[in-house]
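In the two complexes below, chain A is the common chain; its partner is chain B in one and chain C in the other.
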Partner chain A sequence: MNIVVPIKSVIDVELNIRVQEGKIAKDGMSYIISKWDENAIEAALQLKEKHGGEVTVVSVGPDRASESLRKALAMGADKAVHVNDPAAEDSDSFGFAKILAKVAQRGPFDLIITGKQAQDTDMGGTGPILAELLGLPQVYNVIKLESDEPSTLKLNRLGHQGQEMVELKLPALIAANDSLNEPRLASLRGIMAAKKKPLDVLKLADLGLSPDEVGAKGARVRTLEFQPPKRRAAGKKFEGDAEEVTRKVMDLLANEAKIFA
Partner chain B sequence: MSKILVVADTKGSDVRKPTLELLTKTRKAGLSTDAVVIGQGVQKNADLLAGNGAATVYVADDAGLAQFATAPYAAAIVDAAKQSGATQVWLSVGEMSKALGGALAVRLDGAFVSDVVELELKGDEVIATRPAMATKVLQRVTFAHPGIRIIAVRSGAFDAEPQPPKTAKVVALATPKGDERAKVKGLVAAQDAGELDLGEARIIVSVGRGVKGPEGVELVRPLAKALGAAFGASRAVVDSGWMPYSAQVGQTGRVVAPDIYVAIGVSGAIQHLAGMSGSKLIVAVNKDADAPIFSVADYGMVADLFKAVPIMIEEVAKHKQ
Partner chain C sequence: MNPILMTLALAAALTVFTYSVALRLGALMRLRPEHRLDRPWQRLGVLLKVGFGQSRLIGREHERSSGAMHFFIFWGFVILGLREIIVFGEAFSKGFQELLPLLGSDSVGGYLYTLVYNVFEAIVLCMVVFALYRRIGLRPQRLDLNIVGNVILFLIIGVVGTDLLYDAAKFNLIGLYGYSIHHLSHPVFGTEMAWAPFARLLAWLMAGWGEGMMLFLYQFCFWGHILVILVFLNLLPATKHMHILTALPNVFLATSPEGYPHTPIPLLNVEDEKAWEEGKLGIDRLEHLTWKQGLDLYTCTECGRCYDICPTYVTGKPLTLKWFNDSLHDHLREEEGRLLRTGHTDESRQLVGDVIGHDTLWACTTCRACEEVCPVTIEHVPRIIGMRQAQTLMHEAQPEELNNTFRGLERNGNPWGLGYDKRADWAKGLDIPILTEPPAEDVDVVMWVGCMGAFDARSQKIAQATGKLLQKAGVKFAILGTAEKCTGDLARRSGNEMLYQMLARENVETLNTLKVRKIVTQCPHCLNSLSNEYPQLEGRYEVFHHSQYLARLVEEGRLTLDPQLEGTVTFHDPCYLGRYNREYDAPRALLARSSRSMPVEMRRSRNESFCCGAGGARMWMEEKIGTRVNEERVRQAYEVGATTIATACPFCMTMISDGVTQSGREGVQVLDIAEIVLQSLRETREPA
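Up next, the complex of A and B:
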């Protein structure tokens, strides 16, 4: 089973994020593989271990994206493709999907696994758009995956009405929820082996894309600015004897916040 | 001329409140609006949608549409959008809005924005505000493409002022084409029919790992009942198997914005906060005074939940009398 996993190198959102003049301050930031993409890598590796084949990880991004790709290779992916082109930066989901579609089409594949959303954008558009561009069936928000035969996946997704079961014929695209699995850590041997695995670096022109189609120029959704979140008014915190604290707060909820009114 | 197509969000065969929020917004802004409703047995909602402002109601009602699948749902919306001449398609944020929005962006050759909490509209010039980076920033975006604007709005972004039904102008859609390659086989565990829906509840009580186990969950459940609240959970609780997936609040679960959110034994990790910090009033019980949940709580109780919760239940009963 040949699997393509698009991974994004993102600012670690656990850090203190600051906004300066409408932009995200980049100094002092560190970058990681977007968490849900790690679940996508893990799912791909498990399928490969079961059915054989190759896992190709792909990232569109500046130089630092190669670190994320090396990490994925160290986890066990076989090949990496790095689309490193300044004209691809500031793409929207549609733009990234267009680039990823071209990369996927370079070779035969059975399955694409994306994250449910990237941790920096939280948009969740790239996977679904990519599936449509390639004419693939798709299942979003996958929390469980079984595959007895390589042509079909039996999936549970977290859907509208609870956990829904879906049977998916390959080739197809799925988007991973973090409950899908526990991503493995790279072993020392894996890290050594990763150094010898192929990592292709491509420009947009190598994919037959013009700089106007993607990046900031081709973006269908354009960011005007970032703002700090609206601060909630400072709340009240009560400490002391558990019973006193509880009765006090319940009284305030009733008489000040009027939640029973 | 701008024209909005509101995609009705249904549970079972009933339209949910977030749809009325969208219709209230377009009605108050005086925007020309149609609606589309998809599912099994959903035709009955047409008059409600009309009463709330949909000039034409497009209906795809078929046994094959009982469960969401991207392909047929997208096909029905594309059909309705084309017939109505929509320039914008509005969805309610739910588990499947991202899949649907992305698919629509390609099929309608437009652009998609998810998780919108504020909309500034001047005809089809749209500025949308949405949280990003686990709600650590707000992103203001606009559409830089002439195609249809596909906008998924979070519940609670607009207030609903429901209006009585009136006779609808209904257009029945041809049964949309599904995709045989992705077959929905049914539910693993249906949500308890008696349970309140997290997306619609005025009050939510959520439990975290602090409840220690299933007995702790059962200790808190009566509090939710007494308050008439939906019952949610952190991921730690869901992953431990103490509560079903459908109860998970947060970035990978449900994003909620009730009037009142009560967090019991939840630490307040950013992924949890990303799912509930839009709530109007937040109450937290945690024995650790430094727990991050207190940074968003309007009323924080530093207390052992095993002592606090029984007293809370007792107090609610008193005040409800």
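Up next, the complex of A and C:
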């Protein structure tokens, strides 16, 4: 089973993300693999361990994306493709999907696994568009995956009201929820092996794409500005006699917060 | 006596003995190399104190009776060793003793020696009877009351008893029946009979038994003695009583002698692909032990002192060190032949899984209490860490709770994975400078905050208190801000040497670039890494624990204290400050100057302190088995009526605080030594 996993290198959300002049400040930031993409890698590796085949990880982005790809190789992926072209910068979901579709088409594949969304933009657009471009069936927000034979997946996907159980014939695209699995760590074994694994760096031209189709120029969605989230006001702590405190809190809830209004 | 018979007996016994010892020595030489002859004078000192002085046997208060017993049996063996030469020589040459320097008839030494060995024979006899009573009557929990132990004791009775009877029979033959048997005799010193009170007493008791009986006993006890000795000698290498042969060498070869810092964990070459491919990173099979670790196993006598000092045993975990050693020891004895022949051990048997349980290996808090009490200085903790290295680096079999911790360390240099850019937030508003450029000459000392001090809400208060005290004392100091990372202690203790080295190398680079020389830290784990382990990576600094630094400031009069702490206070020794870095007094000195009443000591304190349960990366693993270590420690503090439990480690702080909360007891506070000092600080008035 050959699996393609597109991954995105995102700012570590544990950091204080600052906005300067409507843009995200990049200094002092460190980057990680977007969390749901790690689940996607893990799912791909588990399928490979069961049915054999190859896992190819793909990332579109500047130099730092290579680090994320190396991590994925260390986790156990077999090959990596890095599309590193300044013209691809500021692509929208559609642009990224176009690039990823070209990469996927370079070789035969049975399955594409993505994260359900990227941890930085939370858009969740690239995966579905990619499936459409390739004419693949897609199952989103997968929380359970079983596969007795390589041609079929049995999936549970999480909806608003419950779970949907789906049987899926390959080729297809699925998107991982973080409760799907526990991503493995890059082990010493993996790090050693990763040094010898291929990491192809491609330009848009290598994929037969022109700079106008993607990037800022080809984007249909344009980001106007970033704004920092509003800070939540500090909580209040009440101490003293239980009855008195209760009365005070009730009073504040009713008259100040007006939650009963 | 018959020299031919003696020659045959000796030849047979020594052949078997030599084979038996050579087999084990040969097996040990197949194990990994290790250099153990550095610092010879220090080693000799430890040998005298721990070996000949038996300090760990008689030095511990609640073990004193059995300790004294062992002390006398040990010295009995040393003294009777010479006696054996005399007895064996007698078979080859009548009056053999005359040939020995200073022991013949003309020398007072011979008579004194007779007195000493005779008295010691009586003492050893009493001690062995006491030992039998302990094993059969008292049955202390830490002992495994197997039959071999009793057989050995009876053999000792045999050795000493036959010699006493032999002497007594000889005295009667000479005195009552006029036989001319060689004995010491001198116009001034008298005969040896006058110097052997217990043999003489026995002779007097046997006086009426007749000449024939005495002749029989004289012959029988001589050969009986020889037989028992030779059987005893050959039993040693085949049983746990091998310690009689190996204990003294083992003490001399110990790596962490008393009062000195422990040798750090050896720096693994994690990039060595060959070692990796051959499965040789860490200790995965018995053959990966060093020869000294093998000698440790042969030397373990299963006395069980490590077992009832161990916090995991006390709280019902599967790690009971005695059985841990015993399992490895049995495995070694099964494999010694193969090891000697091939240099390898059974590949189908993994040390962890087949010989030692997984939970057993991961239960250890690396507190090192076991190493502190082991009478033969067995080094348990480095072996456990070696085994964890194989588990983590090669099998990826670390407890899964650690995965997130490792990920956090890798990404943000702290175990929670919190944004590294928030590392200096604790110091906001305190006006503490951040060192960003060399040289560090403008500062006296760099304050190493550690992850707990930087991120953990409770421990931030300790860091803040320390910072404030340094400011009050006018110390010029700075922090590294967001450039500091976890020292890697927890990664190293959980066997993740790769992650440890990554973090440690980054820290060393930061510190060396800034030309930092002196460091003060309020975390004993950081203290240990920075001062004892970073020199392996060319990071050499003078590192102080905050208790040491503050005690010095108080000593120099730069901080003046006015005792404010009320109630009963007791100090909980952090393992990594006490046992790892031998600092017991500085925090106590600060406490004594801050508390209105005399601080009290818990039953387990100083080098026998009871771990809080957080060390060895246990802080980051769930404690699923048995009772909780921290709750047990808090119970011990309640035993002495503590209303304040003082400590000097942010991890201990967390564990002890949790323990107090769990206990539901009100009115007990847990404070760091810096917080206590800050409360008692007398504000210096401006000169008028």
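Just so we're on the same page, the second predicted complex is superposed on the first by the 238 of 261 C-alpha atoms of A that agree within 3 Å, B and C clash if a C-alpha of one lies under 4 Å from a C-alpha of the other, contacts with A are read in each partner's own complex, and residues count from 1 in each chain.
Throughout what follows, contacts are C-beta pairs under 8 Å (C-beta built on N, C-alpha and C of every residue); 3 or more make two chains touch, one makes a residue touch a chain.
Everything quoted here is computed from the prediction, not taken from an experiment.
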Based on the superposition on chain A, does the combination of chain B and chain C result in a clash or a fit?
fit
Which partner chains sit in contact with A:M192 here, chain B, chain C, both or neither? Use first/second/both/neither.
second
Touched chain A residues, chain B compared with chain C:
B
Of the partners chain B and chain C, which touch A:I32 in the superposed model: first, second, both, neither?
second
Contacts for A:K258 in the overlay, against chain B (first) and chain C (second): which applies, first, second, both or neither?
neither
Please give the least Cα distance, whole angstrom, that chain B and chain C reach in the superposed model.
7
Shared chain A contacts, counted only where both chain B and chain C touch the same residue:
14
Where on chain A is chain B touching in the complex?
11, 13-14, 17, 19, 24, 36, 92-94, 97, 116-117, 119-129, 131-133, 137-141, 143, 156-169, 172, 175, 177-179, 219-230, 232-233, 235-240, 242-243, 245-247, 249-254, 257, 259-260
Of chain B, residues touching chain A in the complex
11, 67-71, 94-96, 98-103, 105-107, 110-115, 127, 129-145, 147, 179-191, 203, 235, 238-239, 244-246, 248, 251-253, 260, 270, 274, 277, 281-283, 289, 294, 296-304, 307-308, 311-312, 315-316, 319-320
The chain A residues in contact with chain C across the complex are 12, 14-16, 28, 30, 32, 182, 184-185, 187-189, 191-192
Touching residues (chain side chain C, partner chain A) in the complex
270-271, 273, 276, 281, 393-394, 396, 400, 403, 406-407, 411-412, 417-422, 482, 498
